[in-house]
Amino acid sequence: MLGKFQVRTDLALEAREICEETGHESIREENGRIRTGIKGQIHGVRVEENADEEREIYTTTVTIETENAAKTMGKPVGTYITLEAPNMSAPDENYHREISEELAKHLNHLISGRKESVLVVGLGNREVTPDALGPDVVNNLQITRHLIREYGRVPDGMEEAGEISAIVPGVMAQTGMETLEIIRGVVEETKPHLVIAIDALAARSTKRLNRTIQITDTGINPGSGVGNHRDAINEETLGVPVIAVGVPTVVDAATIVNDTMEELVAEMDRSRHFQMLGGTLGTLDYAEKQEIIHELISPSLNTMFVTPKDIDETVKYLSYTISEALNITLHNIWK
Amino acid sequence: MLGKFQVRTDLALEAREICEETGHESIREENGRIRTGIKGQIHGVRVEENADEEREIYTTTVTIETENAAKTMGKPVGTYITLEAPNMSAPDENYHREISEELAKHLNHLISGRKESVLVVGLGNREVTPDALGPDVVNNLQITRHLIREYGRVPDGMEEAGEISAIVPGVMAQTGMETLEIIRGVVEETKPHLVIAIDALAARSTKRLNRTIQITDTGINPGSGVGNHRDAINEETLGVPVIAVGVPTVVDAATIVNDTMEELVAEMDRSRHFQMLGGTLGTLDYAEKQEIIHELISPSLNTMFVTPKDIDETVKYLSYTISEALNITLHNIWK
Amino acid sequence: MLGKFQVRTDLALEAREICEETGHESIREENGRIRTGIKGQIHGVRVEENADEEREIYTTTVTIETENAAKTMGKPVGTYITLEAPNMSAPDENYHREISEELAKHLNHLISGRKESVLVVGLGNREVTPDALGPDVVNNLQITRHLIREYGRVPDGMEEAGEISAIVPGVMAQTGMETLEIIRGVVEETKPHLVIAIDALAARSTKRLNRTIQITDTGINPGSGVGNHRDAINEETLGVPVIAVGVPTVVDAATIVNDTMEELVAEMDRSRHFQMLGGTLGTLDYAEKQEIIHELISPSLNTMFVTPKDIDETVKYLSYTISEALNITLHNIWK
Amino acid sequence: MLGKFQVRTDLALEAREICEETGHESIREENGRIRTGIKGQIHGVRVEENADEEREIYTTTVTIETENAAKTMGKPVGTYITLEAPNMSAPDENYHREISEELAKHLNHLISGRKESVLVVGLGNREVTPDALGPDVVNNLQITRHLIREYGRVPDGMEEAGEISAIVPGVMAQTGMETLEIIRGVVEETKPHLVIAIDALAARSTKRLNRTIQITDTGINPGSGVGNHRDAINEETLGVPVIAVGVPTVVDAATIVNDTMEELVAEMDRSRHFQMLGGTLGTLDYAEKQEIIHELISPSLNTMFVTPKDIDETVKYLSYTISEALNITLHNIWK
């Protein structure tokens, strides 16, 4: 869709923006704005937005309804709920609690009652800070499967607890195995009703890093954000429904360079410095510009990622927020 | 075998000593020595000892040959090789290399050619220092399965490399699952020819802590050393041969107390302080003494373990020594 | 005071019990109870107890008022506040919050206004689970000194925030330096008004492990619990007041063996099995019994500690509870 | 020197390249090559190169001899030795050993005998993978100061050992203190003869990441690579000589974007697409181009860094290589 140079994003929100932009370039230029999410209409994609201005939590639900729309968006048919909150990674415990509860509400909706036995999978590499989100979430979960199996649901407050199990499969460089192989083995052995996979995602732009949580009932492609090809983790491959919870914590280095350069080219078309050129640059079409840009990007950038310098604190707060949301949903501990 | 109070040991070496002692109490007392490994003969148990005095590496091979002997020893039929080296956890890199090579030699013998595809399992809890041995060993392994599957054995030095994969399953409190369930799932999915399980063991006495490595072709019971019941991990439960490599890093707290108290009771039977008692204590039999001791041991001790204060350094050196041995054996990197 | 075999405890509460017991042995035997904290009176030691039965939080304030009492107790003149709560290390977030607030109240009292600039020191070895309490507490603190120095106390909610700095000095095997040397250097360079030192302690019995928090205005001896001699960290050595917060997370292995054996000897004096001995054991005095016991304890036990198997979870909850208490006190975030 | 937009580099090697490039722009264009390290001559800078082709280790020694040259280079007067080895972060233990020995040789030369008591400082944030190099190096050092102080240099092989101490001060967000404050305090308290500071650096281009080690006798500015201003750590601020060992593990995100865009602009001046423009772009001077680029770079990029996806493995190998070099040098363990 984006030509030879594939800009990756794990966020349906961004996929939609990209589709709209590239499909409606004239509209973009009339407004003189670039890549700011002007709404177009993609057939088969339903979008609902909700802004809680007071608490600064913005929710977007993207529903991909048809296979055609799925093809256009590069994402499978399903529901993608995105929570955005500018202060999500600030050190404010009460605010994290509010986000946890909002997240729990949406999770509960997607789970729709299949809580009886749930396997939570913490994807990613615990040795690489921005990729440790999944393992860190698992670290703070209340694991109950073994207790319920041994003692039943008798103890106070356990009456409604789900049978929660969890695994941190590691990444291929550590295990020599596809993540899917490990999870499929565990699922076949322990037969959960539902899998919830937590993963650090790659965003397309830095503006969504560490302030966005995406929940989807379509599962995810682990590591798709960091360029390693692995098989999908979804109902088709596992045989049970898979809900994915992801937070963009990195941007591909090539993506950032690409984006800034696209802006440079666009700017040159317009800028005072280039007025005298009579818009000559405009004679190049989108694909030609992309080609120049792509040639200039060092191949080594494809093995690199970009992440904020305070990623340690950020991942700590985010993982805590998500594990709280899971604890609330799975154990029915609502306020 | 030891009466109501079960003194646990994961070491065949110690199991043999205990059997001999309790079965030959009279011999023991004639010699006036207690628990010093006087050799008796258990039918169906073959013992070979080898002392490399120069390098201070002592090897004992205990072979349990019959089901009867297995019952007596409390360990399945099979081969148990124990390496003892007093300086095993000292910070001497060259010495570690020598032990790695000695260990690799024995491993190679037990593996007997089934190296083509091996799953290494790092048992234990990476969050608890003396239990992190297994996870730490996996951390330093050369994992090759994904590389060989993608690129073949072409690159230099890879011609003889095995397809090595590895997993750190975690412990039940973290996963809610039996370790066996996870490993069985992974084994069924990835079909290795051999499993090698690495685990921290519980010894019966502090004198073997962190200076003993046991290799066996019978598999192991993970966590048996720390009192959590879990199913065996062996050829019967997994369907492929299982070699276990273990190092005693803890002793059960109850065991240490029990042992010292047994010595106290024995001492009282003999001591100058109690001569006047006319050996009255001697009128109590072994079981009666055990009962008194058992009553006095706080039940809370059963949830406790004893470990050296420098366990962090020790586990670092030991895990490095074992992962080197595995790298040598599995990738055929002999000097 | 305890004869040749020094039983160590970092808890004033236990020091008092020991003093009372050994000083009032007859009282103990009349009651037929051993080591259960019967109150005697040590001159110069004031004790106040408070039981919050509903929330199950028990507070004991031991004030050592005279140098003589300090000598008897083996602890310097000062105030020692102990919070005991049986469920302190259970996974109940609301309960932890209550303990944090209770702790904050006492801390606030001891700090008595010297909050303007505080250096928090996380003592212990982050590589050894039960010793990682101090480093873990520092990990969750809100550090503000650098922010206030750069931006002032302007941002919302910062008006009353203290200038908080923190350091994790490591242990001597990692640094080659006395902990005191490092802290003294940092104190001289940064001139805080107050030092708060957090440390894992050694208790005398397992019954107080992980359910007791001691706060004192006398500072502490880091590592005294695990047998490494290092200099005191207190107002005398640092030049600024030092508040110490400690939780017993280990018991010395030798202590546990010693205690159980003492009970065995006492039991023998009384037990039905020994009635016929006419109390002959009673002819041995305390020191003679201690000597027998001491001879039987393996010297290797002095380099060992005892800790619960679930110490990873426990230290996680405890460190979180303490860092919350510090955040509340130092930043004046009361509900 | 580089105009409003300051491109940072911690490597003297790169500083020299930049100076030469910007100072000799005409030369550059004649050759039709950009930023490829064509050698010019900066007065007061002496450069020596050594290529060990067989082992693929390339050594460059840059000596800045005058204050004027220091000003031009943006680096203090002193010696900067750079080792480059393409396979430095590959998993080849023997090769690491060779690099360790090469590094040890250079270190030994710079240290010039002041080994009697050395404080090693592991700068950086152990919670952020590419910044954990310094803390990881300290983790593998043989610390001896406390042993020598207690037992002397008596044990075998210790006769020539230095009194080595070490500290991991943490970063300002964790401590609230300048790193310099902590180190200065420790130096004043423990009086080492020499400080060796280990740090992860920021390079200017991805091509030097994780394959370059720089040693200098001028000390370093910790965190200069990641944009946090802190005071220099050198003989002037500490009162003892400071040797710095650094490895570039990250590139500033803004730098990568800037560089690629500069290439785009240069390319446009030349490219077939722009021939018709008659070199109009050429009418903009260097500063004007820089300004356009700078405006387009998102300010958020200044808080981001770029690092390879396999940074966990890489930092493990590099830190091991450096700590081995230090162990060899400081304890005189030459082959």
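Some notes on this structure:
Every chain is named by a letter (A, B, C and D) in the order it is written, and numbering of its residues begins at 1.
Everything that follows uses one rule, which is that contacts are C-beta pairs under 8 Å (C-beta built on N, C-alpha and C of every residue); 3 or more make two chains touch, one makes a residue touch a chain.
From a predicted model like this one, the values you see are computed outputs, not experimental measurements.
Between the contact lists of chain B and chain C, the overlap is empty. In this assembly, the C-alpha centroid of chain A lies 44 Å from the C-alpha centroid of chain B.
Centre-to-centre, using mean CA coordinates, chain A is 35 Å away from chain D. In chain A, the residues touching two or more other chains are 173. Of all possible chain pairs, those that touch are A-B, A-D, B-C, C-D.
Within the complex, the chain A residues that touch chain D are 125, 127-129, 173, 206-207, 226-228, 253, 256-257, 260-261, 263-264, 267, 271, 273-274, 276-277, 280, 284, 288, 292-293, 296-298, 300-301, 303-313.
Contact residues of chain C toward chain D in the complex are 138, 143-147, 163-170, 172-178, 181-182, 184-190.
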